[in-house]
Structure formats: C-alpha cells, structure tokens
Amino acid sequence: MTAPSPPSSTSSTFKPVLDRIAAGIASTPGRGRPADYIPALASVDPRRFGMAVAELDGTVYGVGEWRQPFSAQSITKAFTLALVLSREGEELWEHVGREPSGNPFNSLVQLEYENGIPRNPFINAGALVVTDRLQSLTGDTVGTLREFLRAESGNPDLTFDESVAASESAHGDRNAALAHFMASYGNISNPVPVLLDQYFRQCSIEASCADLALAAGFLARHGVRADGSNLLTRSQAKQVNAVMLTCGTYDAAGDFAYRVGLPGKSGVGGGIIAVVPGRCTLCVWSPGLDERGNSVAGVAALDRFTTLTGLSVF
Amino acid sequence: MTAPSPPSSTSSTFKPVLDRIAAGIASTPGRGRPADYIPALASVDPRRFGMAVAELDGTVYGVGEWRQPFSAQSITKAFTLALVLSREGEELWEHVGREPSGNPFNSLVQLEYENGIPRNPFINAGALVVTDRLQSLTGDTVGTLREFLRAESGNPDLTFDESVAASESAHGDRNAALAHFMASYGNISNPVPVLLDQYFRQCSIEASCADLALAAGFLARHGVRADGSNLLTRSQAKQVNAVMLTCGTYDAAGDFAYRVGLPGKSGVGGGIIAVVPGRCTLCVWSPGLDERGNSVAGVAALDRFTTLTGLSVF
Amino acid sequence: MTAPSPPSSTSSTFKPVLDRIAAGIASTPGRGRPADYIPALASVDPRRFGMAVAELDGTVYGVGEWRQPFSAQSITKAFTLALVLSREGEELWEHVGREPSGNPFNSLVQLEYENGIPRNPFINAGALVVTDRLQSLTGDTVGTLREFLRAESGNPDLTFDESVAASESAHGDRNAALAHFMASYGNISNPVPVLLDQYFRQCSIEASCADLALAAGFLARHGVRADGSNLLTRSQAKQVNAVMLTCGTYDAAGDFAYRVGLPGKSGVGGGIIAVVPGRCTLCVWSPGLDERGNSVAGVAALDRFTTLTGLSVF
Amino acid sequence: MTAPSPPSSTSSTFKPVLDRIAAGIASTPGRGRPADYIPALASVDPRRFGMAVAELDGTVYGVGEWRQPFSAQSITKAFTLALVLSREGEELWEHVGREPSGNPFNSLVQLEYENGIPRNPFINAGALVVTDRLQSLTGDTVGTLREFLRAESGNPDLTFDESVAASESAHGDRNAALAHFMASYGNISNPVPVLLDQYFRQCSIEASCADLALAAGFLARHGVRADGSNLLTRSQAKQVNAVMLTCGTYDAAGDFAYRVGLPGKSGVGGGIIAVVPGRCTLCVWSPGLDERGNSVAGVAALDRFTTLTGLSVF
C-alpha cells in the first residue's frame, strides 16, 4: 500500500517487538551453520544475533548486536542494483533479466540455456553483470558503493575488509567461471580480473544492522535518499522492491514471501535487509545459515516481526 | 500494508481511472494472439476488453465488456488453492512447493529433478496436485468450486462450459503426461482419468470480470468471505497473495511484479485477477496473449492502473 | 571387421571359455540386486547365472542355466528395432534419433528439450516410438515379435508372461507419462492405451539364453535370418549393431564399449545379448543389477569372454 | 574383430577406392562452412579436400591435398588421451568419465550435474582434464605431444602454429570458464592460465592427413608404436578405440557409428582420423563443417570408404 501511516513514531515504535523477538530467538536451539567456503566466515559463532529497525526519518534502534559490523556479502547487491538503475535506467535489463531463477544461486545451467543473460540481478551471475555495468559507468564500483553507504548510514568508518576479499578471490573459481562464461557471450565489458577484483571487494564490506537498515531507507522512502535528494524515481524504487521480493533470497524467494511477505535481500554472512514500503526498513544478522544460504534466525526473526506487527505487503 | 484506508469509497472511486485506461487500450495497436490450442479459445477476437474493480464492501463497477463471461482457465487455480488451504492447511505443502518455477508452465524438467513435487500450485503440475487434494477432500472439485464462486460473486448462473472441457480433454496429452508422471512418484491420490476430468472442467468455468473480481474479494479482506465468515486466516490470505505475486503469471512473475506490483493470477482465456490487500480487487480481460501466456492488454491495463493510482504493494 | 574367419567351429569352440567364465562368476561375491519395481522380477535369486553362444550356423551351447527362460524385458527392443527397419527403413529416423542419451533410461528431460523426438530407440521413450511404428505397420506388435523369435530360436513354445505384463501395466505411470508426452508432440500414432498394452506385453517375453542368442543371429550374419532369407540389408545390420554399441546398455554404453567392446543390449530381467559380427552371438543372464540397470555378472562374463578370446570389434 | 587379415597389401591396396571417393566428393555441391570462431580457421576454403590411408606397416598413400598441413584441433585429444593412459592407466578415470555426453561439446550443464567430472575425454571439459593430467605427468604437454607425433609420423617438421594458439586464447572465455569451473570442484591440478596455454597450443598443431594417419597407427596395431615398442597394452588400445567410437565426433557419435562404423576423432579444423583395428588408419580433411562441428565431406568420404570396402567394425 502506498498511503503509509504518517511517521507518527517517536523514537522506537517497534522496540518492544524487537525485545520479544530477541527473547524468542535466544531460547531457540539449532540455528544453522555459518558459510564455510572461506575461513573468515566459517569462524563466526552461528548463534550471534542482532536486529535493527530504521524509521523513515532516520531514527534507528535495535536489539542484540545491532551495532556489530559483519560481512554484508550479497546484501550489497541490492545497493549496486539501485546505483546502476539510477544511472542507466532500463538499459540494464538488456543485460540481465528480472525473473526468479528457480535454481541454486550459482547455477550455470540456466545461464547456458539463456545465452549468457543471467536470470536476475541477485544470482551471482547477475550480480557480476550489475557490477560490470557499475564499473563501466563509474570506473570505481567499490569506491562508489562505499561512499553511498557511508552517506546513507552516516557512518564514515564503514569500509571493506581486504582480507575477506582476498579470501574470496582465493576461492573464486566458480565466479571466475561465471564471468568468463558470460564474457564468451559478449555480456561482460570489463576485463574479467578487474571485474572479479571489484566484485570480491564489494562483497567484503563490513557493516552493522544499524548501518544497513539506514542505508536501505531509500527503498522505504520511494527512492528518496537520507539528504532528501532522489536516488530513484518512485517507480524505480517499486521495481527494486519487486525484484527483492521475487529474487532476493536465493532459491527460497517464494518461501520468504510466503512467511515474511516483505521485499528482502540476504547474504551468506548471515545478514538480511527487509523493506516495509512507506514505513521502515529492517536489518537482522545471525551467521547460522539454512541449506539455501539464508540466515535461520534472521528469517525467523523477520517472520515473527511481521506476525507481531501485522506489517507485510500482502 | 495492513492498515488500509477505510472503505470510504462511495460506489465508484476508480471509475474515472478505468475510463482513462480503456481509452488508452482502445488506441493501442497489436495486442497479442488468443490461445490457439483449442478452438473455443482460438476463435475469440483478441481485441475484446473489459475491466472491473470490486471494493471491499462488494461494490463493483467496470468498463468495456466487464459483464461478459469468458473462460477463466488458470485463474481458477487461485480459488482451488484457497479452498484446499482452508481445509487442510500446511499439509498441502508436502505435495507441492511454493517457489517460482523459472520455467514454462507445463515443463516436465523441473518435476523430474524434484521427484514429482511440483514447484508451485500455479504451474500445471502443481494445479493438478491441488485439484487432486481438493478432490480427495470433497469428492467433487467442480461442484465445490462452482458453489464457492456463485456465493462470492452473487451470480447463481455461473457455471462450466462442457464443450470447452471436452475440447481441453481432447488436447490433454500434456496434462495426462504430468499426472501420470506425478502418479509414478506417488504424489497423486485419485485415478488419473478422474483427476483430469475434474481438472479440465474446473478450467472451463465461464465468468465475467465482475464475477471474478467479486469472487477474489476474500484475498483483499484478509480471508473474509462476502458473507463475513472466514475462508482463510489472515496469515493464510497473506500466503495466497504471496504465492500469486511470486508465481501467478507463468514464467513472467518477476516482470509482472516489476511492472504491476500486485499479487495476480492470469489465465490463457485472457483474464487476470489482481489484489490490492486491504483495498480492492481487480479483474481484467482481453484474449490476446503474449508469448508467455499472459494477456497483453490485461497486463498493460493493470500496469496503467497502478501508475495512475499509486497503488501497489511496494 | 567384415572378413570373418570361416565358421570352422565344430560344435562348441568356446565351450572351455564358458566353463572358465562360469567358474569365475561362481566364486565372485556380491552381484547386484534384482529389479524391484515389479514383484515378478524382485523375487528372482540374483545369483542365478547362465550363458550361451550361438555360432553362425545355428550351433548353440552354454553353461549354467542357459536353457532357463527369464524375462527378456528391454532385450526385445533390439528385435523390434530390426523388425521396423526391415519394413520402413530410414523413415523410422524421423521419429526417433540414434544418439546416446547421456541420461537415465526413463528421463523426460531430454525428450522435452528435443520436442518429443526420443534420443534413440533403446531408451524407454524411443522403444515406445518403435513399438508404435511396428503396431502401425503390422497391427499386432506382440504377435509379430513372437513369431519372429519362435522362428529364429526354433523354440515353438516361446511366449509372453501375461502376469508380468499385467504387473508392468500396474506400475506403468512413468511409461504412460512418456507416451502421452510424445503424443502431445504428435509423435505417437496409436491410442496410448493400445500402445502401452503392446509395449508391456512385448517386454514380458520369456526366453532362455539359448533362445535369445539364436534369435540375434541375424545381427552376426549381416542381416540373414536362420532360414537364409534376408531380414536386413548388410548395411542395416551394421546400423543396428552400431546403435546397440552406442546406446544398448542404458547410460553405461560408454563403459560397456570400453570393457566389452561388442554391440550389446541389456534388460532389467538380467539378460544381455552381444554380437561378434561375422562370428557368433552371445546371451548371458544373471538377475542381479548394478545401479544403471545392467546385470553385474552378465557384464563381467562378457568382459571376461572378450579378454579370454581376444574377440572384440576394436 | 581381432584376427585381422594378414597385411597382404602391397603398397596401395585402397588407392582406387580413394580415387573414386575423391571424384564423388568433387562433384558434390554444398559442403558446410568452416569454423568461424577464429580468423585462422574461418578463412580456409571449405571445399579443400584430402584423404590418406596408412597401412599397419607404415605404408601411406592418399588423394587430393593429403600432404597439406591443416589445424588438427580436437584430433589431438585422441593422442593426449593415449599418452596419459600409457603413463597413469586407470587412475585417469577418477577425473573424467567415458560415457557419451548427449550434449554440445562445450556444454556446462552436464558438468554441473556431475560435480565437475566431465563426461568423457573428448568434450572440451574432458580434454582440459586430460591436458591437466599430462601436464602434471610430464611438465610439458606441448613438447611431449609434438615429439610423439613427429616420431610416429616420421615428419620432423611437424609443429604448432603459435598464431592459431594466440587466436584461440583471445577467444578462449568458454574454455576458461570450463577450467575455472572444474577447478572449483578440485578437478584441476595446474594453474588455470598454465593449463589454458598448454591446451590452446596443443590444439594448434599443424599436420597433414599423411602425418595424422601414420601417427594414429598404434590404434590399429593394438598399441604398438611405429618403432615396434608398446605405447599401450592391447586392452588399452581397444579402450581408446571404444571411447573414440562412442564419443569421438561431438554429439554426433551415434550417427557417425551408424554411418561409418569405425572409431573416429574429428576436429573443427575439418580433419577426422578413423581406425580399422588390425588393418589400417585413415585421415580425411575438408574444412566445411556441419552444424555439429564435423567435416561434411570428411564424414561423407569415410561413409563411402566403408561402403565400398565393406570394412567396418560391425
């Protein structure tokens, strides 16, 4: 619905809800396993937990480790998508689709049947295309993204973890395969090593729940940035939310829509951002993942949030 | 958003919008081709057009041929899904998934990789499973569905077109293959010929835009039927809307979410229903289809509706 | 090689070799499991074993249970292929391919990507097409096949096991799916129930190693039947052998060619026929199967035969 | 058949046959198009033609441009396979399968479903694995192959075309994708850039029909090299021939076996080698390819050869 309640919130409308959620999570046994493909992620305690809500006016509050930086990983893909859309608009869709993939997030199968055009911007192949576009548009994907996130979150220290990026690169054969494969179809403009370097560094950003909830605020404000300027048109903001809802949580997007009912984007670091259009943004973090790569406690917390508040897009 | 504006509508809030949409459609050249796999559908003029809006209180109004019955086809799948969920709840999901398919609507490939469990209730295989469940629960899928639609639409004459059902059956080898294939995995309970008979008759329902917009009203009223009783819980109504948004328009669900931003369900007869939760339901009809099986003018009209009104879930 | 040694064999050239093979098999532990999808096959002792060699002149001898009838199953597909080729020649190849499938023998995936044209005559879908052709050509697939096998084997009692056919039919949803699926592409001429009835009865033939080694003799005699008449041209006989070598043992054809190096056709009843062009034919039977559906002891015996005799096509 | 006729040939048994074949080819219109993915291949006249036969004793003769060097391309894969088998034997098969692929030669799909183990040594992925193994075993794939080919052909000038290798490398994104993809499964031992360099140079060998027919002689001599030493055991030679028959001509192996009936290996340079075990080897060259990557006139010439001589393995 586009006619939101006025932001009548004083500072912490949902704080009691967050407290109830955190209490419930704390008493839940078994919460998945952290990503194990790189040491930097594998070593994190899977039971850590934090959650933040950012109101439209920039008020932010949270529970648990909501100010603890973690590896944003694929959450950054929502931001790079918006940054490319804001610069080249519809042209992006000649290089990447916007349909759910129905396959694991790094599948090559679909890419081959569809001639090198990735199914959507949030599977790895699609995110590589988005990064390739942003690199061509700006010459500095990593710097552009960092400045945007710093500005929106108000956190000037927000940055990348070069050791995580190096570790990703050392285990990056699958992404190298995807990039070369799309290059063979002419769908990559930058040299593959340049693209991969930008991509791995982009994924290695460290940010907290507070940072990411604030940074995603433009998606709840119909495209308006923290300083009141427009990043996206109202229509484009709706479109990014639509892509998040249908494609944002790997091959569990249908289940996420069914349970949570909000546009969201997850990362294998254990974070998930979610948007209540016209109302607020959320970010939750807990490193234990389910078999489809989404945070177990994170999805549960968002599910509980929508149940307790009655907020969902449906 | 779950806090809807009060139904302050007098009788026809959106009537001027519908008039503008109809005028725009009328001046648009080229609007796809009707389904050609059975004569009853192939012979319809692809440029016919009607559109209706039903408010929460049952007020309904429209434009064009909004009272003309047409072949509902796959639109009925939204209703049978709701009827099964209301009877057996979560158990349904052991027999069918709720993820977008990413493949054409009658694909056998995914079904094979996933051991006879269809990806979602709206691809043909999934709809066969839903019909099979409803048949087991009621012994009379067709009658159950007809009575429900008559009650919700207030149209006691609403019924099935046996000649369309017979024609579907004569061209039904693909659906027979799907049913036998799932039966080989033990995922079909009724004899395949019984199931197919119920399925083809279910699809052959004839209803108008007015009928279908009214009948879908419970999805905008969070599960409440026209007579005030509950068909679904609030949570279940949200879930059906989520499945419609992520899976309701064949393999164009991502594009439909992107352009229209509403839960919707289309049929190859050229109809589409759409839901603005807490606000209203819509039904549009125009028989010319795009290559993915959705009404060209229908999608365009809904796209225009959300643009003009600012209504969308995002 | 086409210049065979003259059939200098007295009655039993390879008898000592067969004895050595049987002794080796007898001392081998663990020989797979019988097919378990129908009771009639599941109940057979997997360690039973028989093997026969038929010389070009009709001399036949064997070892173990070489005169014990067993369920021929897919071995019959080599004979129906030859019977169709002899009647309509190259036209068959418009309805079925002759490439290895690279997928399990009842896969629907490839069939879908290739628009209802099965990859080769020996996967189930392809065998259904061959049976459909033979049914159209003769009006009585089962009778035609039975008379041919009786004439070539000299066994007037050779017949079908109706209880096995009934059991296959009761578990026949997968084949029904394949048949309907191909019918949806227009690649089946007979009504699906008629086709399935002929197909299941064809597979239920009971014959011994002696019977089948003799019946396959025309493939070693470059197309000449037991009575000296021609079933196939020399070129067609070569073609059937080629299809057997590349496609005759489900998705293990490459491994079979690598180990055995002879054209062969296996069945889930545990039988395998093999051809030494210009020299002799073999049939081996042992009901224990490997995970790809081929007789464990049967492949081992043929492997040993080619090693001991130096006979192979390579 | 393993009991060959004695090499009674004087110097040129099949010369009249070759002359008839060449005359037939010369009068045939339309013979495919040369490979167009690199300029060095695209610029060759597709109607050029040469054919050579090498007897077991090293006698070689031919017709047309049978002494003209051309780009061997994938034909080299038969030689590297033999070189690896001769060094590490069965261990190779833990890294690559030996089943026909049923898919285009550079498909990633199968590779993904089979966890990075290529289907056979002759699809590109499999050939990369074979090269990787040979590189680990010798430290110099290119040098090892060149010395082998020089020794067997008796041509000390036989070498690689560095400009073709460089051109392959410049268009090598697809192979880079395959190599990185397998590396992600741990199935590549050497650094990807080293592997690709060796691979592209290996494919760029320039040799004539005479050179390649002679070099393949060990496959007709059951593993014996030109100097009488053993490269392969009799069993291993049979195995290489089996893999050539089932997998040697991209996804047309079934058709090649059906028409020609000999083990063969083709390359996109337009060459094909073929083996008559115990009798002779052949090499034909004509740059015009069919849609599956095999020389149109080459396959036709081999088809005609087996028809005229009655030689085939079946």
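Labels for the chains are A, B, C and D, by order of writing; each one numbers its residues from 1.
Criterion: contacts are C-beta pairs under 8 Å (C-beta built on N, C-alpha and C of every residue); 3 or more make two chains touch, one makes a residue touch a chain.
Every value quoted in this text rests on a predicted model; they were computed, and no experiment measured them.
Undergrad: For copies chain A and chain D, work out whether under half or over half of the interface numbers are shared, and give different or same accordingly.
TA: Both copies, chain A as well as chain D, present the same residues to each other, with over half of the numbers appearing on both sides.
Undergrad: Please compute the angle of the rotation superposing chain B on chain C (C-alpha atoms), rounded to a multiple of 5 degrees.
TA: It is a rotation of 180 degrees, to the nearest 5.
Undergrad: On a CA-centroid basis, which chain has its centre farthest from chain D's?
TA: Centre of mass proxy via C-alpha means gives B as farthest from chain D.
Undergrad: What is the distance, in whole Å, between the centres of chain A and chain D, each centre taken as the mean of its C-alpha atoms?
TA: 49
Undergrad: For chain A versus chain C, what separation do you get between their C-alpha means, in angstrom?
TA: Once rounded, the distance between the two centres reads 56 Å.
Undergrad: Could you check chain C for residues that touch two or more other chains and list them?
TA: There are none in chain C.
Undergrad: Residues of chain A touching chain B in their complex?
TA: Residue list for chain A touching chain B: 1-5, 97-103, 110, 119-120, 234-235, 237-239, 241-243, 245-247, 251-255, 257-258, 261, 263, 276-279, 307, 310-314.
Undergrad: Okay, in this complex, where on chain D does chain A touch?
TA: Residues in contact with chain A: 107-109, 111-113, 173-174, 176-181, 183-184, 192.
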